[in-house]
Each structure stands twice: as structure tokens, then as C-alpha cells.
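Please go over the structures that come below.
Here subunit A shows up in two complexes: once beside subunit B, once beside subunit C.
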Partner chain A sequence: MSMLAAITRHELRRSLRDRALPWLIILFAALAAYGAWNGARWAEERTDTVQIVADEATDGIAKKREQFAELKPGATPGFAGPQFTPFRPVLRPGVMAPLSIGQAEAYPYAARVAPMGDIRIFDAFKVDVDNPAVRAAGRFDLAFVIVFVLPLVLMAATFDLWSRERERGISAMVVSQPVSVTTLLAGKALSRALVLLTPIILATLAVLYVAGARDLAALAAVALVVAAYGAFWIALASLINVFAKRSTEAALAGGAAWLTIVVLAPALILATVDIIVPAPSALQFTSAYQAQSQDIRKAQRLAREAKGPEVIRDPAPNIPDRTRGFLKDRAIEDRTLAPLIRRHEEALAERRAVLNSLRLFLPAVATQDALDRIAGSDADRALSFQAQAMAFMKVTKDWMAERFDRDALLTSDDYDHIPKFEFKEPPAGAFQTGVLIDLAAILAAGLLLAAGVALGRRAATTI
Partner chain B sequence: MLSANGLTKTFGDFKALDGLDLNVGAGEIYCLLGANGAGKSTTIKLFLGLLQPTSGTAIVNGVDVHKDPLAARRRLLYIPEMVALYDELTGLENLAYFADLGQVADRSPARLKACLSEAGLQESAFDRRVSFYSKGMRQKVGIALAIAKEAKVLLLDEPTSGLDPQASAEFHELLNRQRDRGAAILMATHDLFRAREVGTTIGLMRTGKLRRVLPAASVTAQDLEALYLEEMATAA
Partner chain C sequence: MTTQSAHAPSPVLVVARNQLRLMVRDNRLRLLAVAVVLLAVASLATGMARVQAQAVERHAATQEDKRLWDSLGPVNPHGAVHSGRSVYAPVAPLAAFEPGLSDFLGSSVKLEGHSQNPSRDRPMEGGSAISRFAGFSAAWALQVVAPLLIILAGFTIFSGERARERLKQELGSGASARVLVFGRLIGLTTASLTLLGAFVAAGILTLAIANASMNEGLRLLAMSIGYGLYLLVFCSLTIGVSALFPSARAALVSLLAFWAASTLLIPRIAPAIAENLHPTPSAPAFEDAVSEEAKNGVSGHDPRDERLLALKEKLLKQYNVTKVEDLPFNFEGVSLEFGEKNSSDTYNRHYDKLFGAYANQTAVQQAFSVISPNMAMTPWSRAFAGTDFAAHRLFLREAEDYRYELVQALNNDITRNKPTDGGVAIYRTDVSEIADRVAFEPRITTPAEAWAAQKSNLLILSIWAAVSLAFAAWAATRLERTT
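Showing the complex of A and B:
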């Protein structure tokens, strides 16, 4: 242990005299600040957009109350039917949204729940796909800086962890001392990790704090993810240095590793998954849904017509029987279409499960996933919103059915008690299971590399 | 202190060292002479435990190097042809680091400075970065480490190659002091005359084999040169 401490101390002293390191850290901090600013700007825009949607429902209700106020005593307005109540479930950006835009642009963030409408409740949304750079690498947010730029910074600072000494002949003096190469490389890696990751993590947390992402638990989770991902890259640099005898070899190997791990492997894996478990066609699903829906509605219309003209009860109910019939028809339609929807969702879920498990073998993807989850811009949160919005739609339908059963029209005061949508965040917040799994995957990859260093140690003693 | 018994190293079909038997006792300087590729450096690397022998054993201070290389290196010092040090650190800082690695008992700055002085380094150079050091000054840091470690075994690989005559003479003087202290020294060199001058035993190597072993005092410089050339001519 004292040997490890001695090596670490020595390497710290050397690192602190390295003139390039401060510039690398400044470069990272500058890019991180820009990324966080970009993320904050996006979060602000999204928050404003969501607020406009939410205000739409609030304004709708306020308008109804005004209409009630204008009614003459004893009047029964048509708009008091519960089926005309506006509901607008929305998914607001999380507190840590400036960290990562992630998958947030690929999923809807608002729904329009009409109690008598069909399941197509989510607002059409537009992703900025005009910019090819955005399409290729996503937004330039802080997560992008961490996943793509951080490895380059770390590689630039550690690619010659041991190869430089081999190149300059210092290794001969070092390996002839009673110290194991494993301890030596561990000490070197540890000192570089301290010198590089400490300011990098602090810079990351500082820019996030300034950008408004101030959840302490989430900031701790970000620090852990950056530390784990950074440790992975330093372990990789150590492994490269076991075998590279020249700094140029080590630099080339480091560059190739970055390209493979950050760019090529995720793209290749995605392409492979596309072949093995292709994404179900949204177009085909929509077409099939519409065709089946039209058939059902046509059959229902024909059945109504076959019954002849509607007989109005005496006394006439507040809510017409025709409307009740319409609600029943919708329930039948929902039940009939359910298997089609279920098959589509199962196909999507199967593909997501494959992608989710493969991320564990890709440290860059696991890191992006962890940051997305902490930021609340991950697919699971978006899907959870969809599921919660769908569940809320059922709540509104049940609420409406109950009023139909009671033949109860809405009053102005009822608007204080209508169902309200409130998005439930995943339990455990920033330390949710997905983040812990990602962290475990990144750490396991780092440990695997460390084991490679230990196994290949003999190659590092070649002088 | 230092012995090789049937030490053999092959790289594929190439036999770099072929059944080397060698003993270097305390207070002895054993000079290995031979052309490039004769097996001198391979011998040293095997004693350092940086290569695995194909067969045979290498013993340092009674420790089988390949069974416990760390224990074998504890009281051993290796000085390569060019003592490369950390340029961004001072001579004293370099010595302190290598003393840490070498598990030197007394690593106090005072002791390390005393070692540098004993090795002949000027005091004004202690706190200067070694990027300003000459080759001779770097070799002195190496010797200072030997002093600090109280090394019982010194392995030197062409240590005076490229040194000017004065620096070379100073280095050999330091070596003699280590010998007098009881260190066993194995030195690979091309310098026949210095070998005869400082060595107690001279071994002539060719194609991985130790061809001749001579007490240094028993041959004149001219005889040694003649023998060396004769061996090399046989090789050709």
C-alpha cells in the first residue's frame, strides 16, 4: 500500500508539472459550460412549450366557468356534458434537464385526453432533424461532452501513461526495482484519475449548478457516472500502455479505441438490432388501426341506422341516450382494437429490451443512458408518461361513465373536483435501478480492463 | 551473490543464451565482453527477472530471480547504458522516487543528498531538473541509488558507452568503491581496456555462450584484445 502511495505521490508531482493538463481541463470545462448552457436553453424552451399546453386546459376550464357565470338561473347548457371537459396531461422537463436532452425529443411530452376520444391522445411533435450533425451525434449538451469529449480529453492526458517512459528508457530503471508492474500501473492510473477527474467532475457539477440543475442527489449521481466512465477510459489507457512500446502506437490505439467504443460499436450494434429485431412500422400500425377503427365505426353506424330513429325518453335525460350509446360504441371499439395495440407495443418493448440489455456491453451507451435517466430525458420516463397518460384516460372515462350513470351534468363548482393528471417520477430518482445498472456495467467494463492489465503485465516490463 | 546455472534463453529457434554458468562473488567485478548479439544484455535481463529463462536458474543474493523477482531486486541495482530519468523532476526528486521504489530504509532528504554527494554529483545540481544533466551526471544519480540501496549486486549494461574519458574514469572509480564495499558487479561492456582495468574476472561471450573466463589480472590489455579478436574471428 505504501508503494502504491509512493507511486501515486510521484505521479501527482509529475502531473502537476505537466503544462498540457491544465489546458485540457480548461477545454473540457469550456465545452461542458457550453453544453450545459445549450441544455438549459432547451429545457427552458421545453418548459415554456409544456406550459402553453397546460395553460390550454386551464384556459378551457376558465372559459367554461365564465360561460356558467353568464347563464340565466335554471338554464341547462349543452357544454356542461362531462364529455366536453378538456384534459391535457403534460411531461415537464426534470430538474436535471440541462444535463441531457437525450431521448426527450423522440417521445411526446403532451397528451390531449378527450373522454370520448380514441387512444391517439398524444400530440404530434417535431424533432429538429434538419441539422445533419444533430442527427449523427445528438444535441451538443453536457451529456454529449461527457460521452464523446471526456474520453478524448482523458486519452490525450493518459495515452502515454507508461509508453513514454518505455520510449525514453526510464522504464528500465523502474522495472529493475522491487515493484510489481501491476502496482506501478495502478499508481499511475490512480494519480491521473485524481488529477484529471477531480477538476473535471467539479467543473461538470459547477456548470450544471449554474445551469439550474441543482438536485443534490442527482448531482452526486452525475459525479459517480463521470467518475466511473472516466475510470473506464483511464483503465483502457493503462491496458494500451501495457502493450504499446511507443507513444505514437499508444496514441493511435487510443484514437482507434475511442472511435470504436464511442462511435462505431453503438452504431454497429444498432444496425444489428435493426436486422435481428426490427422496429415495428409506425406507418403500418397507424394504417391498420385506422382501417380497423373505420370498419368498427361503420358497423356501429349501420347498426344504429338499422334500429331506426332515436326514441327520446320522457322525461328527457340531461345527457342524451345517443351520447351514452356513443360512449358504449367507443368502449367496444377500444376492446376490439386492444389486441392490435398490444401486439405493436409488445414488438416495441421487445426491441427496447434487446437494446436495453446490449447497452450493458457498451460503456459509452451505458453512460449516455445513465445521464439521460438522471436528467429525466430517457425513454423509460417518456414511456412512463405515456403509460400514465393512458391510465389517466381510463380514469377520465370511468369518471365520465359514472356521471353518465348518474345523468349528472357538470357545474362550475365541479371543475374543482375533476380528475387531475400528475406525473409520477420513477422511484429513487437519480439513483433509480436503471442508473445503478448502468453504473455497474461501466464499472464492470473498467474492472475487466484492469484484469487485462494484470494479466498482460509481463508485456509491460519489456525494455 | 550472483550466479547462473545452465541459464538458457531461446526466442523461437534463436538461442540468445546457451547454458550460461557464471558466478560473481562479493567484491568482484565480472566484465562480460562480446559483440552485439552475444547474449550480454539477455544475461542481464534474465538476472533482472525481465525475461523468463527457457531453462536454468539465475540466483541473486540467494534468491531464485524467477521464483521471487521482487525479493531478488531488493538489493540489486541496474544501470543501463543511458540512465534515463524523469526530466521534469530534479536529481534529488528522481533519487527520492527510485529510493521509494527500491524500498530504501533511510529515505530522508539528508541521507539522499549524502548519497548524491558520495556519487560525486555537485550539490548545486541536486535541485536542478535532470533535463539539464549530462549523461555522466545521470549515471551518478544511478550510482547514488546504489549507495542508498546499499545494493549487494550491480548489473551494468554498457554503462560508460558515450561518456567522455574523464567521466568514464570517474564512473569506474565509483564502481571500484562499490566493489570495495563488497558489492558483486556484473558489467556488460565493449570497452576491453576498461574491463581489464576495473574487472576482477572477464568473460568472453559469443553467440549466447560464455567462451572464455579469465582473471583480469592474468592478461595484459594486448593479450585481451588479441583473444577478443580471435573469438570474434571464429564467429565470422
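Showing the complex of A and C:
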């Protein structure tokens, strides 16, 4: 152990004298700052957008209050039927949003809930009007800098960890000393990790703090993820140096490894999944949904017409029977369409489960996933919002049915007591199970590489 | 003797042939090139299957939409306007080669009265963390991986101790540095174009399988010319840098830095900067602005209701009557036609402004092609594949023209059918017959349209090629002096 400490100290002194390292760290910090600024700007815009949607409900209710104020004494406020109450459940960006935009643009962030609504409550927020070319390029956020750029910085700083000594003929002299190659490589890797990862982690946390992402537990989780991912790449550089005899070879191998791990493997695996477990067709689902819905509504319309003109009770109820009929019809439609929706959602969930499990074998994807989860821009949070919004719509339906039963229109004061949506964040916050699984996957991959270094140590001594 | 020298190959070609032979004998390079071609062919095959499935799916959805519309039966035409119809974007066969923006563009538009909906059903929806790593395609392999292969194949051609020793011998035996540089450049370029040829051959094969038209072949040819220039840039830069740097390590680091910046970083940073300089509104903000203008006019002081009232007064005066019921047509239809024109004009103004912002963003991105040839290559490739925004905008424009024509035909039917019973019964008619009079036949942009929009990018690529060739020539003169 003391030998390892001595080598690490010696290598630390050498690393600190390397004039290229500060520039690499400055490059990373500059890109990280730009990424965090981009992320913060995106979060700010998303917050404003969400507020516009939330204001639709507030403005709608304010308008109803104005109508109440203008209502003539004794007149029935037909506009105050519970079915006309606007609800806008929204998903606000999390406090760590500047870290990663993640999947936040691939899922709806709000819903236009009306008590008589259906699953199409999200439709308006599935479309966007920003430039698709900008989306297709991929967002330049801090997560991109960590997942894509950090490995390049680490590879540039560590690709000749041992190969340089071998190339210059110093390695023979070094291995002739009473020290194992494994300890030597471990000391070198440890020193580079300390010299590189300490300022990189500090820079990451600093830019996040400045960008407004100030949750301490989440910052700690980010530090852990960056440390684990960084350690994985330094372990990979060590493994490459066990086998590469020349620095050029090591650089080539490092570049190829980066291309494979960060770019090709995830893209190709995703392409394979697209063939084996394709996403259920949104077009087919929409067509089928429209067809069934239209058939049901047509049948209901014909049944209504067959009954003849509507008979209005005397005295007329506040909520017309025709509206109650619509509520019943909508309940029948919901029940009839439920199996179609369930089948589609199950197919989506099955594909997502496959995609999620793949991250266990892909450290870059596990890192992206962990950062998305910490930022609150992951698919699970978006899906949780959808589930909670749908559950909320059920609450509004029950609330409406109860008022229908009492034939109770709303009063101006009632709008203070209508159901309210509040998004429940996943328990455990930044250290949620998904993040812990990601961390375990990255660490396991790093340990596997370290084991490879130990097993291949003989190759490191050949000249 | 004279006859022999007349038939002797040029020294440049001899060097080129030797360079090619050396690269073919390099097992690592051969393996890498074959792996890339195989990956690209696999991606092309899966891309083709996907494109064909999309075409079948969209055709089926179009048929189903027609069936649903026709089965509405006798309904009020304006009720039908609210039921709406859906139209589906045409599928470009070359999307298998260059998916471009396909995953980020909606594949259908819901057409209904009073609003111009953005396209929906984007394949990028509903992903997972791994979805951020998507995008491998034959075009991407040519834009990103092929330049890397060129760098790996060529960075040691002149740099490094071994190469320098060999160079001294070659120069000593009478060869000029210029001949060596251009010979090796021809060798490296030939190998790169062979790689491109393999991609193009695979592309032609998939187009043939898909029974694509000659037009598609023309598009592929245009794309190939762009890629040829693009790869020539990387070949020239690699040879130039290799000749300039005595150390292989320095040459490799410089070339890899340029490759990473030009193919990975700038293509991400440029759009972000463009978006910051020319921001676009969010969908709800866009919708709010349109609603406000439709209601209160462009000036904000010209309410829709007052404009409609003025129209009513004008018609009453024109027909010399005092009540709308006495007009020879149904004023409700006129009112609907007026409303539709008002909202459509408003949407058109806002969409024009929005797409103007997109155009400004594109101009900013194109400015980055001064430091990254990829910024000129990508739009060129996407435009000829029919997977860029221009192709999508054409679909949106056609969809809107169709929507407006259909909605106004339905509204006009109400105008022409004045209620005879004092307006008690709801007017109903067979809307399928009205819809049959209006056809929606979407097309993808023609090669001529793509050329008109993209010729500046070809010019940029040509300038890049010329400058990088000049750089290689300059490096050759330096090489002669320093060796």
C-alpha cells in the first residue's frame, strides 16, 4: 500500500508539471459552462411555457368570475357548469434542469384537462414549433459535455499513461525495480484521476451552481456520477496501455474505443432494438382510436336521434339532462376504448423496459440516464406526470359526477375549492433507485476494466 | 528508349499506386473499412425496410381516414370541419440512406377548421436515455466515420520517424516532394472514393429493390458529388498535416481535434447559437399570439366581430334588405367563410414569421461552414434525400392549401343552402361528395428545387476542397525544404 502511495505521489508531481493538462481542464470547464448556460436557458424557457399553459386555467376562471359579476339577478349561470371548468396539470422543470434536457422534449409537459376529456388531453403538448434542425443536431447541454466530451479530455490526458515509457525504452528499467506492474499502473491511473477528475468535478459543480442548480444532494449525486464515469475511462486508458507499445497505437485505440462506446455501440444497439422490438405505430393507434371513437359517437348520436326531441323536465334542472347524457356516453366510450389504449401502452412500456435495461451494458448510456434522472428530465418522470395527470382527470370526472348528482352549478367562490393538481416527485430524489442502478453499472464496467489490467499485466512488461 | 518513356506511367501515378497498395496491405485499415461498409449496408437495409413500412403505414392511414370521412354520413358540413381529417407526409426513398430530420418531423397533420395544426406523430417521441445516441445511418457514416478513417489511414504517410527516413530516401532518389504529396493524395483519395463508391452502390441497389424512379438516381448522384468533395477535403488536409508535422503524434492530435470539432462539436454548437440569436416561440406562445391576432386584427385594434359586422352591413346594403334572413344565401356560411379566411391569413402570417426565423437560423449555421465542412455537407445531403425542412415545409404548405380549400368548400356549401324552414332543422349533407372534389396529392421536393436551395453549399464545399488542396501543395513545398 505504501508503494502505491509512493508511486501515486511521484506520478502526481509529474502530472502537475504536464503543461497540457491545465488546457484540457480549461477546455472542459469552458464547454461545461456553455452547456450549463444552454441548459439553464432551456429550463427558463420551459418554465415560461409551462406558466403560459397554467395561466390558461387561471385566466379561464377569472373570466368566469367576471361573468358572475355581470350576471343579472335571478339568471342561471349556464357557464358555471362543472364540465366547463378548465384544469391545466403541468410538469415544471426540476431544480437541476440546467444539467440535462434529456427526454424532456420527447414527452408532453402539460395537459388540457376537461372533466369530459379523454387521453387526447396531452395532444396539444406533443407538438412543437421550434426548428427541427436544431432538435436533430442534439442539445448542447452539460450532460452532453460530460457524456461525449469528458471521455475525449480524459483520453487525451491519459492515452500514453504507460506507452510513452515503453516507446522511450524507460519501461524496462522501471519494471526491473521491486514493484509490480499492476501497482505501477494503479498509481499512475490514480494520480491522473486525482489531477484530472478533482478540478473537472469542481468545475461541473461550480457551473451548475452558477446556472441555478443548487440542490446539495443532487450536486453530490452529479459528483459521484462524473467520478464513476471518469474512473471508467481512466481504467480503459490503463487497459489500452497494457497492450499498446507505442503512443500512436494507444491514441488510435483510445479514439476507436471512444467512437465505439459513446457513438457506435449505443446507436447500433438502438437500431437493433428498433428491428426486434419496434415502437408501436402511433399512426396505427391514432387511426384505430379515431375509428372506434367515431363509431361509438355515431351510434350514440343515432340512438339519441331515435329517441326523438329532448324532453325538458319541469322545473328544468340547472345542469341539462342532455349534458348528463353526454357524461354517460363519454363513460361508455372511455370503457370501450380502454382495451385499445391499454394494448398500446403495454407495447410502449415493453419497448421502454428493453431500452432501459440496455443501459446496464453501456456506460455512456447509464451516465446519460443518471444525469437525466438527477435533472428530472428522464422518461420515467415524464411518464409519472402523464399517469398522475390521467389520475387527476379521473378525480375531476368524479368531482363533476358528484356535482351532476346534486345538480349543482358552481358559484364564484366554488372555484377556490375545485380539485387541484400537484405533481408528486419520485421518492429519494437524486439518489432514486434508477440513479443507483446507473452508478452500479458504470462502476461494474470500470471494475471489469481494472480486472482486465490486472489479468493482462504480463503484456505490459513486454518491450 | 523514347518509346519506352512515352509509355511509362507518370511518377505521380506510380506513387499513388504504391500508396494504395500499402493501404490495402494494412490489415487494420482494411478491417476498419470493411466494418464501416458492412455497418452502413446493414443500416441501409434496415433503413429501407423502415421507409417501406412507413410508406405502407401512411398509405393505410390515408385509406382509413377516407373511410372514416366517407362514413360520417349526412352531417352538418361545419360539424365535419370540426371532425377534421388527417393527411400524411410522403416518404422519401432516400431517407433510408440519409434520414436527415425524419425522426424530428411530424408524419401527419390533423386538418380542421379555424386552425393550422403543426405536424404530429414524430418518431422521436417517447424515447429513453439511449434515444439521445440515435442517428447512425449510411450518410452519418460518410459524414463522421469516413473522415476519421481517412485520418487514421493517412496521418503517418509523411509524419513519424519511419516515414521521414523513407522520405529522405525517396527524395534522394530524385522524386520531388510535390510528386510524392500529390501521388499519395491521389492514392488516399482513390481509396476514399472507393469507400464512397461502395456506399453509392449499396444505395443504388436499395433504390432498385424499392423500384425508385430515375429522379432518385439523380438525387443520389448529386449527394455523391457532395460527398466526393467532402472526402477530398479530409484527404487533402490529412496529407497536408502529415507533411507539415514531423511527429506522427502531433499530426494525429491536430487532425483528430479538427475532426472532433468539425463533425461532432460544431454541428451541435452552431444550431444552439443560431437558436439563441434567432429564437422561436414555444407552441403555446405561438398559439396565443395567433388567437390574439385573429381576434383583434394585426394592429390589435381591429376586432374580428366588428369586421364581420361591417361585412354584414355591406351585404345587406348590396342586396337592399334589412335582415340576414332575407339575403338570397345563408349568412351563417358567409360568416364561417369570413372566419376561416381571417384565421388562415393570421396563421399564414405567423407561420411565415416562424419559418423566417428558421431561415435565419439556417444562415447562422451555414456561416459555421467556414470552420466546418460538415455544416455545408449535411444540408446538401439532406436536401437531395428529401429529408430536410424544405421538403417538410412543402408538405405543410400543400396540407394547408388542401385544408383551406376543403374547409371553405364545406362552409360554402352552407352558404349555398339557405334553410327553408326558418333555420329550425340542422342542415345536413353528404360531405364525402364535397371532399371528393378536392384532392390532396403531396410530393417531395424535386432535384431542381434542392439544387436551387443548396447550390451555395456546393460552392462552399468546392472552396473547402480548393483551399485544402492548396494547403497540401503548400505543405509539399515545406516538406521539400525541411527534409
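The rule is short, and it goes like this: the second predicted complex is superposed on the first by the 449 of 463 C-alpha atoms of A that agree within 3 Å, B and C clash if a C-alpha of one lies under 4 Å from a C-alpha of the other, contacts with A are read in each partner's own complex, and residues count from 1 in each chain.
In the analysis below, a contact is a pair of C-beta atoms (placed from the backbone, for glycine too) under 8 Å apart; a residue touches a chain by one contact, two chains touch by 3 or more.
Because the structure is predicted, anything quoted here is derived from the model rather than measured.
Of the two partner chains, subunit B is the only one touched by A:I170; subunit C is not.
In the superposed model, A:A203 makes contact with neither subunit B nor subunit C. Contacts of A:V435 after superposition on the shared chain: neither subunit B nor subunit C is touched.
Looking at the shared chain after the overlay, A:A379 reaches subunit C, while subunit B stays out of its contact range. Judged by the touch definition given at the top, the superposed model places A:A104 against neither subunit B nor subunit C.
By the document's definition of touching, of the two partners only subunit C reaches A:T286; subunit B does not. Set against each other, subunit B and subunit C touch different numbers of residues in subunit A, with C touching more.
The intersection of subunit A residues touching subunit B with those touching subunit C, taken from the two complexes, is empty.
Partner subunit C is touched in their complex by these residues of subunit A: 34, 38, 41, 45, 48-49, 52-53, 56, 102-103, 106-107, 110, 123-140, 144, 148-149, 152, 156, 247-248, 251-252, 255, 259, 262-264, 266-271, 274-275, 279, 281-284, 286-287, 290-291, 294, 298, 348, 352, 355-356, 358-359, 362, 364-365, 368-369, 372, 378-379. Touching subunit A in their complex are the following residues of subunit B: 45, 48, 50, 70-71, 73-74, 76-78, 80, 82-89, 93, 97-98, 100-103, 142, 155. Within the complex formed with subunit A, the residues of subunit C that make contact are 39, 43, 46, 49-50, 57-58, 60-61, 64-65, 67-68, 71-73, 83, 86, 88, 100-101, 103-108, 117-136, 144-145, 148, 152, 156, 160, 248-249, 252-253, 256, 260, 264-265, 267-272, 274-276, 280-288, 354, 357-358, 361-362, 365, 388-389, 392.
Here subunit A touches subunit B in the complex through residues 3, 6-7, 10, 13-14, 17-18, 168-170, 172-180, 461-463, going by the rule given at the top.
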